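Report on the following structure.
Here the chain labels run A, B, C, D, E and F in written order, and each chain numbers its own residues starting at 1.
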Amino acid sequence: MRLLLIQAFSLPPDSPGAYRRMDGATKEEALMNHAAVAPLLAGVEWDLHPGALAPHGNWPVETREEFAIAGVARLPIVREACESGTYDAIVLLGGGDPGFMEAREIGRRHRIPVTANAHAQMHVAMTLGNRFSFVDISETHNAHMAELVVRYRMAHACASIRNIDHPLPRPAYPAGRVTLKGEAEKHAAGERSGMLEAAVEAAIAAITEDGAEVILLGCSAAFWLREPLQTRLLEAGWDVPVLEGYRCAIAMAKMLVGLGVDASGITFPADPPRHKRRRRFV
Amino acid sequence: MRLLLIQAFSLPPDSPGAYRRMDGATKEEALMNHAAVAPLLAGVEWDLHPGALAPHGNWPVETREEFAIAGVARLPIVREACESGTYDAIVLLGGGDPGFMEAREIGRRHRIPVTANAHAQMHVAMTLGNRFSFVDISETHNAHMAELVVRYRMAHACASIRNIDHPLPRPAYPAGRVTLKGEAEKHAAGERSGMLEAAVEAAIAAITEDGAEVILLGCSAAFWLREPLQTRLLEAGWDVPVLEGYRCAIAMAKMLVGLGVDASGITFPADPPRHKRRRRFV
Amino acid sequence: MRLLLIQAFSLPPDSPGAYRRMDGATKEEALMNHAAVAPLLAGVEWDLHPGALAPHGNWPVETREEFAIAGVARLPIVREACESGTYDAIVLLGGGDPGFMEAREIGRRHRIPVTANAHAQMHVAMTLGNRFSFVDISETHNAHMAELVVRYRMAHACASIRNIDHPLPRPAYPAGRVTLKGEAEKHAAGERSGMLEAAVEAAIAAITEDGAEVILLGCSAAFWLREPLQTRLLEAGWDVPVLEGYRCAIAMAKMLVGLGVDASGITFPADPPRHKRRRRFV
Amino acid sequence: MRLLLIQAFSLPPDSPGAYRRMDGATKEEALMNHAAVAPLLAGVEWDLHPGALAPHGNWPVETREEFAIAGVARLPIVREACESGTYDAIVLLGGGDPGFMEAREIGRRHRIPVTANAHAQMHVAMTLGNRFSFVDISETHNAHMAELVVRYRMAHACASIRNIDHPLPRPAYPAGRVTLKGEAEKHAAGERSGMLEAAVEAAIAAITEDGAEVILLGCSAAFWLREPLQTRLLEAGWDVPVLEGYRCAIAMAKMLVGLGVDASGITFPADPPRHKRRRRFV
Amino acid sequence: MRLLLIQAFSLPPDSPGAYRRMDGATKEEALMNHAAVAPLLAGVEWDLHPGALAPHGNWPVETREEFAIAGVARLPIVREACESGTYDAIVLLGGGDPGFMEAREIGRRHRIPVTANAHAQMHVAMTLGNRFSFVDISETHNAHMAELVVRYRMAHACASIRNIDHPLPRPAYPAGRVTLKGEAEKHAAGERSGMLEAAVEAAIAAITEDGAEVILLGCSAAFWLREPLQTRLLEAGWDVPVLEGYRCAIAMAKMLVGLGVDASGITFPADPPRHKRRRRFV
Amino acid sequence: MRLLLIQAFSLPPDSPGAYRRMDGATKEEALMNHAAVAPLLAGVEWDLHPGALAPHGNWPVETREEFAIAGVARLPIVREACESGTYDAIVLLGGGDPGFMEAREIGRRHRIPVTANAHAQMHVAMTLGNRFSFVDISETHNAHMAELVVRYRMAHACASIRNIDHPLPRPAYPAGRVTLKGEAEKHAAGERSGMLEAAVEAAIAAITEDGAEVILLGCSAAFWLREPLQTRLLEAGWDVPVLEGYRCAIAMAKMLVGLGVDASGITFPADPPRHKRRRRFV
């Protein structure tokens, strides 16, 4: 099985924050949280594409506009990968799934399944419980995730999107505003991470107040929270699965390849369409 | 009241079909179906922007990918218009609303309402009846419209999307495939239009089989159908409103300007957000 | 454009409270909050009908029974206005929309759109955000508003109805019970209004706890809250639109007249019906 | 157990059609389909009130306006009955439930349950299967029934409203238009009834095309169809319950009296309300 | 009218807790809360079947597995009762309705209605208000009740399931864990019952926080709470009906017998089915 | 990875039909459609349990009662497998998922995921399109599948259950009644299968009339249809995925094992529960 993992975007070398292009790095170095993902990639041939250089600026995407721009910028990479005949499936990295629906449309024409982080998390969650909540980083990112939930027709299953207020760094913020930058490193160094503490509080609120039965993580820069958040929840007596997007998207890609399916030709008509229906149902 | 109308995109001079850039034309000449729209623009100062030159090719957009590309290409025009301080509202032309949600996000930051064709039609429809159907041009366009209905949280109100199988011309089609090209002209010349006949049949099926109480038109290249379709339905005994996007989007823009509102700051947070909620509801 | 605004009802001269018949007053004096509404009526020819003299008693309507009685009493006024050929649209005043659905049925037969306060607010709200809450005056009025939300098929969009417990005066209350009487005057005089304070608290609870993205006002005797509540919310960091019914109903009436539509002949069949369907969808 | 059955309205002696006031008749003679209802009334003390003399005209109610007028006219009868202390429950006759929600509000204040024909049918249906269809008489009546389904929050359970196009007689119809008048008599005389044939066809369509699992009858002037329609469906192989409103409303009234309940004080607050909630859920 | 009441199961003599088989007892002694149920059984010929001896162990059922086992064990009793020709209806006792859907399938073949405690409570609740909450005994029982709500297609009407944490005794609990055992007796003796206090708190939270308009009781071992909980709620100003399962199931059985209906042959096809549809609706 | 596949049940040697216990057969021989399933089991250690000997009779299960009986009979096998420590996941075979929810409850306590045929198909379908239809064998089986859809909270995604009227053989049928027996063999022998023809017709109706975007198969005795139905649909121009339960349940089990998850401890509380929530959401 051959998978191509495509980063959401890459930032220019002058970018101060995360998602910086890692020229010269191995794919393992360049893949966030590789150690946690590695078991799922065992026995899989995989490549990592750094994503398109971000057209919107040198900071990570967070607004609707930035997601749309990053999504469109990623599509030529998807098309090229599909046309190469090299891959059995494509895994779109990035918590907010930029370009996912359009990438599926492209993949469909080559019978290649395409998976993405939020979409895969929601579908895996539905096999584990009846209702999920996203623990997510900021007001702006929350608004985007809410729209994804609606687009993916998962509104009935979404208990809430909980805001832990650790946004991605962006120029609009005043100096000194707390962001998620450095939080993973603090936690790795054994220090207290305010972001993790906020996530624990948010997850417990989601479970007890909103009815969440599974916890998802909204932003890929927060996916490192999965293990520590799972541990903390268990310690607090909440035996609730915590998912993140990389593993879910890879696992779903493997499942779809195993089943030999990619997507419905009704949902994503061919170009030109081979069939015609008189009536489409929403 | 000052409105800016922005075309969905413009096609290069070598384009064989509709939506071609009309350099040198007056705004009235360049605005499709101007005669029908003019009464709503009486007393309004308005400009027409030709839209971005289509980045995807020299044919009209119809796939999800093409809509996404056209949408992103239109955003700089929206931003510039907002920053100019010249307009009270922006009306996005084009049946499939490319870039609408992102444009609203931009508009919100300048307190400028942004309206679009499908969105406005659906909202006007809900003030007239309980359920609408789109009469729409093709399988591929239908699939896009279905997603718009979901994104705009209107699935409960959508009786159906009826396919009249008169697509926009595109290179993927075999030579001689019937498209919508020339149909408006045939009708204007007093000839029988197969597109109009198909629309009449589809609308009646939507009313009698699907429960439609209002008929909408999906593609701006089909908006010319409004008057003849309305007439034909009345003649057939069906007193059902037929709407199209230009007038609805203009009328809604005027209403929002009149009320002094643009959008909710919860739905579209500022950059940076001024508030923080612990929980977002989908 | 010629509009007729019809009060919900008028109370006999012996009535102790609001809604008293203002014989001899100009239409501007008789229209509550005229100054705020005036800009929307600029360029419009409008009349104000005082409504039917309340058949139920000398206090404002608040129970289901009183709303039904007032609704029926208003219908002859609507019919006469439609038959007069004098008006392009009819605007029903009164927060709880007495007689609205029946008035639309009458209006439909004359191709005259009829709008009402709660209905118009909900529809305008849906163009601004995804979910609204009513800030409303009392348990009994809340129960009526909840039924309107259901009748108008807006339950999916209603985050909550928040009770500020400042009811209309009615004989059933013990002497000294706080009502909304005098609150607008207190606020206008620069004094602290408990009703406004309760509305601020209720609106913030609706936004933070219930997921409201737009705030509506339930009772026309509370519509004066719009400006001060909007100001207070903005001061508290909540950039959330606050609407009220008079302006929304007038703006919607103008929009419908501009579009030349009134209602669907399926939703409101003619008398006798001109069409027959085998199946009606709810 | 003492029940009061209240007719929807009574028509003046000059009325050409059904629902005429039957002065001098026994209650058994005046109650439509008494023979079928009698077993449910065995052991019950019951009175029949002829209803208010129709204020709208001398023909049966069918439009929204007529239902509203008849509903309000019935309320004083309900109040008087409640205040008399004579009855354990009130049964509102008439297929379209005029005045039902307001009558429940009145009944609540005396702890007296009030039931009605459409409401009771829907609730009984939900104990028998998952989805019901109404077999109903006309476009206009269908539109009213559709609104009742929504008001009673039963839209999820309503497969369809099937129109058999045998309306009540009304002046708006051209002479000779087929109505339901005389159909019951034809059937009783052993003749073929077009109305019954249409009902059989409509019911089978509801079952096979719409997913109905229980059949309800919309108009009390069609309740006589219950037995013959049930028989015909069974003969055609469809073992589907057919209900009508009189029996369902009486049976539900008896059940509620037996349980000692009438309605929730949250749904129908007292006057004045005894409790206050900060938030009402729709 | 002849009814058979069937206990959910009976426990062997060595069982420490409730539901023990009461050999030698009269049916009145063996029926929990007989005094409260007796008025509904006046004039009814009724028998009480002790239920099948519990196959799963000597403690009351609470897990999904235990409910499934108890449900299957009860079916032969249902079949035998149906085949005996002795009964007009069967009432399944037990809060979690073990075997209910299967028992209805059996009953249907004999035209005998079968009712059950949770199902009947939910349906009665819907005739009284718009939304119910269960006050229920434990996490595990809550999970079962939540599934019943879904199976009975009542999710739209369920405000919440409130947990009072007084489970049935079971071996898995550590010694000394508070259960519901002895609580009814304490209350009957005039002592303070922690279970009742928890129920009052849970019911008020359901009303004020969750929007409940009617309160139901989840477990038959908690049905004794009905009267004291109703009294306490009224004392606290909440005029909200409290139901329990025995009376509701009996009252519904009487109503169905009175109407001569049992269930739809579409919902529960015959064996072999007498009809065939091309399409089944969920 | 070690999987245990458990048959739904096995029939005694005297059984005339399918599902007969295959004593002495290899696991490959005993697993229906093994050739098609084999690729998914490559690299997996797997065992096949023949299931419990059917307690209900010597024919395959099809009624609600039979499914319940078979489900309970399978639980001891699940428990023993979990306690053995031998398996990473358990795959329940059988189209109607007997005992699935209870088996998950057992599996949860050992952190072992349990998957089943209908459940897995529905979840895989949702990753491929927006709406699925079941092509299913008979009225009675359809009724069971409809309940599964509701229990699994998939009603929003189910376009229809299409009945091909080729039931499992059962004693209740008259001699000579067409069943599914022998159809797979006919097809394998290159003969025309009426069952396949009916499935093609049903699937196309589901796609064109009901809005299905993915086709599922309801009964495991119809799973052989997957390949020929897929081929026929493609030949007819419908590029719509056809799934069946064995592969979906195995693929989902592998995915869950890969992700190290089994189910939520909220959905399936431990025994005794380790946590307590005040409120459960349905």
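Quick note on the criterion: contacts are C-beta pairs under 8 Å (C-beta built on N, C-alpha and C of every residue); 3 or more make two chains touch, one makes a residue touch a chain.
What you are looking at is a predicted structure, and each value in this text was computed from that prediction instead of being measured.
Chemist: To get from chain C to chain F along touching chains, fewest steps?
Modeler: Minimum step count, chain C to chain F: 3.
Chemist: Going by average Cα coordinates, which chain is farthest removed from chain E?
Modeler: Farthest by centroid: B.
Chemist: How many degrees of rotation map chain A onto its copy chain F on CA atoms, rounded to the nearest 5?
Modeler: With C-alpha atoms aligned, the rotation comes to 180 degrees.
Chemist: When the contact pairs of A-F are compared by residue number, which of E-F, C-D or D-E has over half in common?
Modeler: The A-F interface is reproduced by D-E.
Chemist: Over half of interface residue numbers shared between chain D and chain E means same, under half means different, so which is it?
Modeler: same
Chemist: Looking at CA centres, what chain is most distant from chain D?
Modeler: Ranked by distance of C-alpha centres from chain D, the top chain is A.
Chemist: Where the CA atoms of chain B average out and where those of chain F average out, how many Å apart are those spots?
Modeler: Averaging C-alpha atoms per chain gives centres 45 Å apart.
Chemist: Based only on mean CA positions, could you tell me how far chain A sits from chain B in angstrom?
Modeler: That pair's centroid distance is 31 Å.
Chemist: Of all residues in chain F, which are in touch with two or more distinct other chains?
Modeler: 153, 210, 267, 275, 277-281
Chemist: For this assembly, give the contact graph shape among line, ring, star, complete and other.
Modeler: ring
Chemist: Would you pull the chain A residues touching chain B in the complex into a rising list?
Modeler: Contacts found on chain A: 63-65, 68-69, 71-72, 75, 99, 101-102, 105-106, 136, 138-140, 142-143, 145-147, 149-151, 153, 155, 158, 160-163, 165, 167, 170, 172-174, 177, 202, 205, 209-210, 267-269, 271-273, 275-282.
Chemist: Any idea which chain F residues touch chain A in the complex?
Modeler: 39-40, 119, 123-124, 126-131, 153, 156-157, 159, 207-208, 210-214, 237-241, 243, 247-248, 251-252, 254-256, 258-259, 261-267, 270, 274-275, 277-281
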